[in-house]
Amino acid sequence: MKPDMPLPVLEASSIVKRFGGAVAVDDVSIAVSAGEIHAVVGENGAGKSTLMRVLAGILTADQGTVKVGGELLEGGAKGSLEAGIALVHQELSLIPEMTVAENIMLGSTPTSYGFIRTRQLKAAAAEALDEIGVSVDLNESVARLSVALRQFVEIARAVARKPRVLILDEPTATLTPAETDHLLAMLQRLANRGMAIIYISHRIPEVFTICTTITVLRDGKVVDSTPLVETTPSAVIDKMVGRELSLDLSSRRVATPGALVLSARGIRAHNVNGVDLDVRSGEIIGLGGLVGAGRTELVRAIVGADPRYGGTVTLWVDGHPRNITSYQPAVRAGIGYVPEERRTDGLALTMSVSDNIALPNRRELSSAGVILAGKTARFASNLADAVGLRPPVITRDVGEYSGGNQQKVVIAKWLGRKPRFIVLDEPTRGVDVGAKAEIHRIVRELADNGAAVLVVSSDLPELLELSDVIHVVRDGRITGTLSAADANEKSVMSLASGENLVGA
Amino acid sequence: MKLGTEQSGLLGRVRNLAARRTEGRGLILLALVIIVVAILEPTAFTAYSVTLGRVALIGLVALGLTAVILMGELDLSVASTLAVSGVIMASIPDLGLGIVVALAAGILIGIVNAVFVVYVGINSFIATLGMLFALRGLAFVISDEKPVRLSNIDAGIAFGAPLIGPVTPRVLIFIVAFIALQVFLTRVRAGREFYAVGGNRQAAFDAGIPVRRRIFTGFMISGFVAALAGVINTLERTAADPTAGSSVLLASFAAAIIGGVVLTGGRGSVVGTLIGALSLGILQVALTLSGVQTDIQDIFIGSILLIAVITDPTQLRAAAASVRSFFQRREKAQIPT
Amino acid sequence: MRNTRTMFPAAGLLAVAGLLLSGCAGAGGDSSDGSASTYNVYALLPQGTDQPYGTTYLPAMQAKADELGIKLTITNSKYDADTQASDCEVAVAAQPDLIILWPAVGDTVRPCLEAAKAAGIPVTATNSDVNPEDKSLIKGYSGPDTYGQGQASAEMMCDAAAGAPTNIIVINGLTGNSTAINRHDGFADYIAKSCTNITILAEQPGNWNKDDSQIAASEMLTSVGAENVQGIYAADDTMVAGAIDALKARGIDPSSLIITSIGNTKLGNPLVISGELYGTVFQSSSWDGENAVVLAYNVLTGKPVEENLFMPSVKVTKDNASDPSVAPEW
């Protein structure tokens, strides 16, 4: 440490946090000084969010200490708040039915004799909003705000506490580039006034715009911590993944689209405003866009899992058109759907792998209503092998497997039905690198064997690597279509964010 | 640069208010009930003191229940709390002391419920279901399985008489309880935070709100209000019946639900519950006056309840669209292919 | 499936208006049709077609009302005192010519009676009488003579004993219940005064239900010695069935004992015919319903009425058990 560096406001030493047997944070030390914007980067599952929850007192570390201004941090979330640490969560933590003002002041509502001092509440909330340069009706209920505005209200809540340390966990995931710029400028301002900021992001360019120091986490460990001027984006990315990363376009298949399998016309549903979509046999269509753009709603409406307000979906079964109106008949007709929320929608966690795989295939695996155990076991273990489940113990509960393996089970479930058309929504979210590659292999094999595949992914490299054609969705509409040859991160992102449409 | 837009203009404000409130469909139902009753059975309004009494009977327990439901919890023990507090009160010869002990018992029951939910970690449906049975049994044991007469019957009869105009003490207490809870849930910090506890418990906890204390408060309110209803009933009837409250539990849940209170918590208001109680009360009195049998009345109330729930605004939008697309499909089917 | 589900709300909205209109209009139409009815009467009952007794009580009541030109409005509080109190408020507000009250919980009806009195509406009681101190607030009572029923049951037992020394056990109704007290007193008073050859060895409550009664009978048979017991009295047919089961469980033939009870229900009547039950007292639900209206009519037309209009306590033994006049009603 240089002698002229100010004393750190926040100092965490040798933090260790385990969940069961897994070490999420492994001997991490980090120090942040006043006026510093400290970036923490790493791949999904590197331990960033866990570390931040420890700093904010929401989780208790198994080992190590956190000091704020030299004082040892105690008393859980409340203690951390009082010590001046404010965390803006990755997932929104607002109360939908409360007003903007109430949400900003949640937990620190000004009162006299228990009664809320409304004028003071609104004044303080307005001040916080002013500080971050956002204007929004204080009396509006949060449920009616756009996702981006909610994100800013969340930040206003943290700022209203006048924290010494402000932690932001992926604050720009749902923001347009214009909004992101606004946020970054605002953070710069706060830092100039002496606030210590920890900024978590996987958008490396943003980090290089505003941050002063960068800490890279991989597998729960610090692999690098250095002033930003001493490193480069590509060096940071290398450290994040632990290998040279280049878009692996070599593995891209040469698509040979066959007959039309699915055709959707004028689909309207909640958050979906009129979408036409065709998918052919042997083709992988990617749906890109920002979180909240309506992609998940679109695919759910197509497969009939959620009600449609309008539009038709036709599935071609051996040359005959079949109208798809609801989910159960859709599945019987040969549609497969791997949902975004696999833990809640895709799996029965307390049932075995074999039971889960057998679930949509009961008809084939039973005789006169009785499930044939031997046939089921053979069926399940073949599929478990096909998707590379590790360890391939089909009698184990699905809940005992890691996220990647759980996802393989969901996919195996549908493989058994040999779907004509399959939708995969965020197939590799929260999945480790190895499992990710295997899932990609399975998806390609599906298409090679003649299935029509629709993939929703927020992971741009994945989308570019897998898709033959990319449709970009924004505000419930397809705003652009890119062929594999034309697509790159930039072209997809600009369509997704509508950058060219914002005048600012 | 500024982000976001400030809503302005009177029309915009009104539209916003309408979209934000949860009482809308309750209000529509109430309007329908009032119009139909006014045409067909106007006695229900000319005899408004009776209708008010019925609304207060249904509504009081529902008000306390609302506090618990807003936090995403349930309290099934309210009916038994009503019975047991009445029996306790009537068993104590001194009227004043009896009332105090009965109300304290209500608060204590709330605390026991909350201990099961918060510290033992039992789902509130199950915990309060257990209390429902246990307290009902306790009421029978204390009363020796028969009605307990009040020692001072004249005081009871005086209590049932109107104070000013049609306002009996019951109606007055109901109004006071309504105002107190409305103020508590909108103006008092602890009450306002009930919405946070019910809307997003983790977020409330992360924001430093004492979630456990709020849950305790909610169950204590619900227990106290149920005991208050027990005291009022016992006074008005001049005796405490250990089987009392059989109709209270479902009616108060119905009032809350019709008024737009969401069982999973975070959405709703005591204004909504008041609207629900008004709808149910007016309807019941009108149907009774019309000579409609109780069983048939129950069918009505059940239907109204179901309609209130299925006419959720988002459901309605989907319904309108599906009706439209149904006709469109019909039109298309006319064209031969 | 999703699409069908979204159809419901639209249909539901239409249904609500229809429901309300039909419900209020159906009954509302009757009230405007006042030419045929001379009197408006509210009947506040604690049961209706939800109970066997009420199922036969109601049609008889309605038929008599139609005959006498009385328009009845009937409520059913399902034995909830609060509901009945609220029904009473509605009734008082509707200003009928008379209120017929069957108390759901006897101890809780005083405020209702006071309110009716204040509004100048006469009240009669049916089936279950009000408490003695409230008697001044009603015009009359019609229904079973519970004291007389106990006495009739005692008379049958006395006849069967024919002067021989007879030891019996007694199973009473729910402790504290007025019907239970009156039946017990009617039975015990008669035995003590007119039939001293009968001795009550033991008595216990059977709480109006069969299981409790069977246990009570069993305990008493054990404590006094089954061989010493020549007769059993139970305060209703349901409990006597439990006592008979207790005897059978010990291998004792019930017809070898003198057993009497009260009710002549669909449970008790076959026991009399089979000889297991010596005799029971007929409580006619149709008489009860019919005479509730008769009493009301007499009050309304200013005819002199007795304080109590008692149901005749008809004795039912093997001799007349199959007569159509005592065919069980509930």
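Lettered A, B and C in written order, each chain numbered from 1.
Criterion: a contact is a pair of C-beta atoms (placed from the backbone, for glycine too) under 8 Å apart; a residue touches a chain by one contact, two chains touch by 3 or more.
Quick caveat: nothing in here was measured; it's all calculated off a predicted structure.
*Asks:* Any idea which chain sits dead centre by C-alpha averages?
*Replies:* Measuring from the global C-alpha mean, the nearest chain centre belongs to B.
*Asks:* Report the pair of chains linked by the most C-beta pairs in contact.
*Replies:* So the chains sharing the most C-beta contacts are B-C.
*Asks:* Report the inter-chain centroid distance for chain A and chain C in whole angstrom, where each centroid is the mean of the CA atoms.
*Replies:* Centre separation, chain A to chain C: 69 Å.
*Asks:* Once you find the CA centre of chain B and the CA centre of chain C, what distance in Å lies between them?
*Replies:* About 35 Å, centre to centre.
*Asks:* For chain A and chain B, let me know how many angstrom lie between their CA-based centres, rounded off.
*Replies:* The answer is 40 Å.
*Asks:* Of all residues in chain C, which are in touch with two or more distinct other chains?
*Replies:* Chain C, residues with two or more chain partners: 3, 6.
*Asks:* Which residue numbers or ranges of chain A touch two or more of the other chains?
*Replies:* Where chain A meets two or more other chains at a single residue, that happens at 307-308.
*Asks:* If I count partner chains per residue in chain B, which residues reach a count of at least 2?
*Replies:* Residues 318, 321-322 of chain B touch two or more partner chains.
*Asks:* What does chain A use to touch chain B in their complex?
*Replies:* Against chain B, the touching part of chain A is residues 56, 58, 77-78, 81, 87, 89, 93-98, 102, 106-109, 111, 114-116, 118, 133-137, 140-141, 143-144, 148-149, 152, 157, 178-179, 182, 268, 270, 307-310, 504.
*Asks:* Chain A touches which residues of chain B in the complex?
*Replies:* So the residues of chain B touching chain A come out as 1-7, 16, 19-20, 22, 187-190, 192-193, 195-196, 199-200, 202-209, 266-267, 314, 317-318, 321-322, 324-325.
*Asks:* Considering the complex alone, what residue numbers of chain B touch chain C?
*Replies:* 29, 32-33, 36-37, 40-41, 43, 47, 49-50, 53-54, 57, 144-149, 153, 156-157, 160, 233, 236-239, 241, 243-248, 283, 285-296, 300, 303-304, 306-307, 310-312, 315-316, 318-323, 326
*Asks:* With touch defined as at the start, can you tell me which chain C residues reach chain B in the complex?
*Replies:* Within the complex, chain C contacts chain B at residues 3, 6-10, 12-13, 15-17, 19-21, 23-28, 30-31, 48-50, 72-83, 85-87, 89-90, 92-94, 105-108, 110-111, 114-115, 174-177.
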